[in-house]
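Presented below are the structures under discussion, each in the form of structure tokens.
The following pair of complexes shares a single chain, subunit A, combined with subunit B in the former and subunit C in the latter.
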Partner chain A sequence: MTVHNLYIFDRNGSCLHYGEWNRKKQAGISKEEVRQEAQLIQLKDGFLTFQTSKYKLHYYETATGIKIIMNTDLGVPNAKDILHQIYSTLYVEYIVKNPLCVLGEQLSSDLFSTRLDLYIRALPFFSPRAA
Partner chain B sequence: MAIFSVYVVNKAGGLIYQYDNYVPRAEAEKTFSYPLDLVLKIHDEKVVVSFGQRDGIRVGHALLSINGVDVNGKFTADGKEIIEYLKDSTNYPVSIRFGRARLSSNEKLMLASMFHSLFAIGSQLSPEVGSSGIEMLETDMFKLHCFQTLTGIKFIVLADPRQSGIDALLRKIYEIYSDFALKNPFYSLEMPIRCELFDQNLKGALEIAEKAGNFGPGS
Partner chain C sequence: MSRQSNRTTDSKKMNAELFTLTYGALVTQLCKDYENDEEVNKQLDKMGYNIGVRLIEDFLARSSVGRCQDFRETADVIAKVAFKMYLGITPSVTNWSPAGDEFSLIMESNPLVDFVELPDNHSSLVYSNLLCGVLRGALEMVQMAVDVKFSQDTLRGDNVTEIRMKFIKRIEENLPAGDE
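Now for the complex of A and B:
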């Protein structure tokens, strides 16, 4: 069971953060298209997750338009609480409350990146696969 | 009714069949006095609530009827514009019913093509090699299951999140499709399905699935 990657988009669709842990294959489409899919998905109110035969995509949107997307493998059950935790304990604490971080641009906070990495690695269903 | 609807999409992404099970929709009827404390706006030829959620009336709900008479898009049954009608204080008190707007066939066609594209993007986004398209999509209200055949036809079932046995149902629908649509000499491939036997057997299969039965051989 593992987490593959994580995207954070703002309300205009610009990618604020991207992190990957276990990725076998690069996306056949650019970040632009991931963003477009995120906007298409946004139309569906209450959308939580979709899965294919190989991976599961979890989606969480806040009332301010911040979208957090996480790709994991199929063994992971509903990750809505985890994405909510990422938003409230990591994004809000380290980005929103940081006076030097300009919202709407690529997140440049090292503290945020390291904390996010630690958090993902500490998740019960994360296990680094042998490459 | 735990299975809400069934859609069949052809190779090109066009909707060729759709079936809706009756679903009790959330509706609220209330009597209002002047001035109206909801903000309404026109969206897609319908009058929807944009602000002022309360008492079961939520943002996004469409105005369904005024004083018991169903409305016609953004006009009342007698042809008056609804927004203007509600601005006039002499028309109050008025009893209005709000609820989720039912999808028109055009909207369903559009959504089917949209899903067809999302399905393809789903397999492109995959962090692992060899991923299929979207097989299951979950929201808090329903679960959407999709089965793509080797020929590119997609069978889509919308059901209650707690409903089980949908995979078997999708395979069963595929069987019914090949028996009553494909073997019908008057049916052309990729065209809308208008075969009575297909409809009947589909309804039968949905009933069996809802009773959580297994499809026996020859059923």
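Now for the complex of A and C:
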């Protein structure tokens, strides 16, 4: 099992953060275009997850419109609690409570990126070998 | 779910007096800076708004409250969950308008004014106006445009403190370009 990548969008659909871990198949376009590609992902309220034959997409949206999307492989169980944890212990703690972080802009906090990376790597299903 | 409920109980407690006195120092300084009470009210509201748009994220992260279905549910959450969490009081919700788009929060005590006596020359100062901004900013982030103002205040000799909330409209979400 493994985590492929993670997107955080704000209420207006702009991408605040993009993180990538085990993504084998790269889109043949630049990172900046990936952000634009990502904006095309359209999901309705209350939607939690969908899967294809190769991966599973987990979706979490707060009442303020912050959207967290994580792609994993098929073996990962419902990750709603994990996405809520990312919102409450990482996004709120390191972005919202940091007055220097302008809300609604791409996140530039290194502390946040580092903590998020550590959190994802520590997930029980992060390692591809655990499959 | 048990993990989430644990988080609400271990939230850091702060000395309420430090908060009250800090707020008092802020208002005092604004009164020096602006001289005009109306302008002080405006600045307090603006600061409150900026606090509210951030505080709502903390609130949602801690309370696991979802989207409210109607304004009555919103009123309950504000009075019973949010005021309790941040100010340690539970205002009562009353005076609903027939249309259900207006209500009042009645506070027996207001922690912001614990040590305050308004001097006569500040008759139009709305001392706790920061709260109006906080409520307005927080609700705006959950797509609700709301008008918030003090209609009674113990500081001005009323028996209770009353915050009047009026629902204006639901703010439409801006979907990214390309949506039909």
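Assume the second predicted complex is superposed on the first by the 108 of 131 C-alpha atoms of A that agree within 3 Å, B and C clash if a C-alpha of one lies under 4 Å from a C-alpha of the other, contacts with A are read in each partner's own complex, and residues count from 1 in each chain.
What we mean here is this: contacts are C-beta pairs under 8 Å (C-beta built on N, C-alpha and C of every residue); 3 or more make two chains touch, one makes a residue touch a chain.
Given the structure is predicted, the values throughout are model-derived calculations rather than measurements.
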Self-check item: Which partner reaches more residues of subunit A (counting touched residues only), subunit B or subunit C
Solution: B
Exercise. Identify the partner contact of A:81: answer first if only subunit B is touched, second if only subunit C is, both if each is, neither if none is.
Key: second
Quiz item: Touching A:92 in the superposition: subunit B (first), subunit C (second), both, neither?
Solution: second
Exercise. Report for A:66: first if it touches subunit B alone, second if subunit C alone, otherwise both or neither.
Key: second
Quiz item: Thinking of the overlay built on chain A, is A:22 touched by subunit B (first), by subunit C (second), by both, or by neither?
Solution: first
Quiz item: Where on subunit A do the contacts from subunit B and from subunit C line up?
Solution: 40, 45
Quiz item: Which bits of subunit A are touching subunit C when the two form their complex?
Solution: 11-14, 39-40, 42, 45, 62-66, 81, 84, 87-89, 91-92, 96-97, 103
Quiz prompt | subunit A - residues contacting subunit B, complex | solution = 4-5, 20, 22-25, 27-29, 33-34, 37, 40-41, 44-55, 57, 71, 73
Practice problem: Could you please specify the touching residues of subunit B with respect to subunit A in the complex? | Solution: 60, 114, 118, 121-141
Practice problem: Please give the residue numbers of subunit C that touch subunit A in the complex, ascending. | Solution: 3-4, 7, 53-54, 56-58, 60-62, 64-68, 141-143, 173-176, 178-179
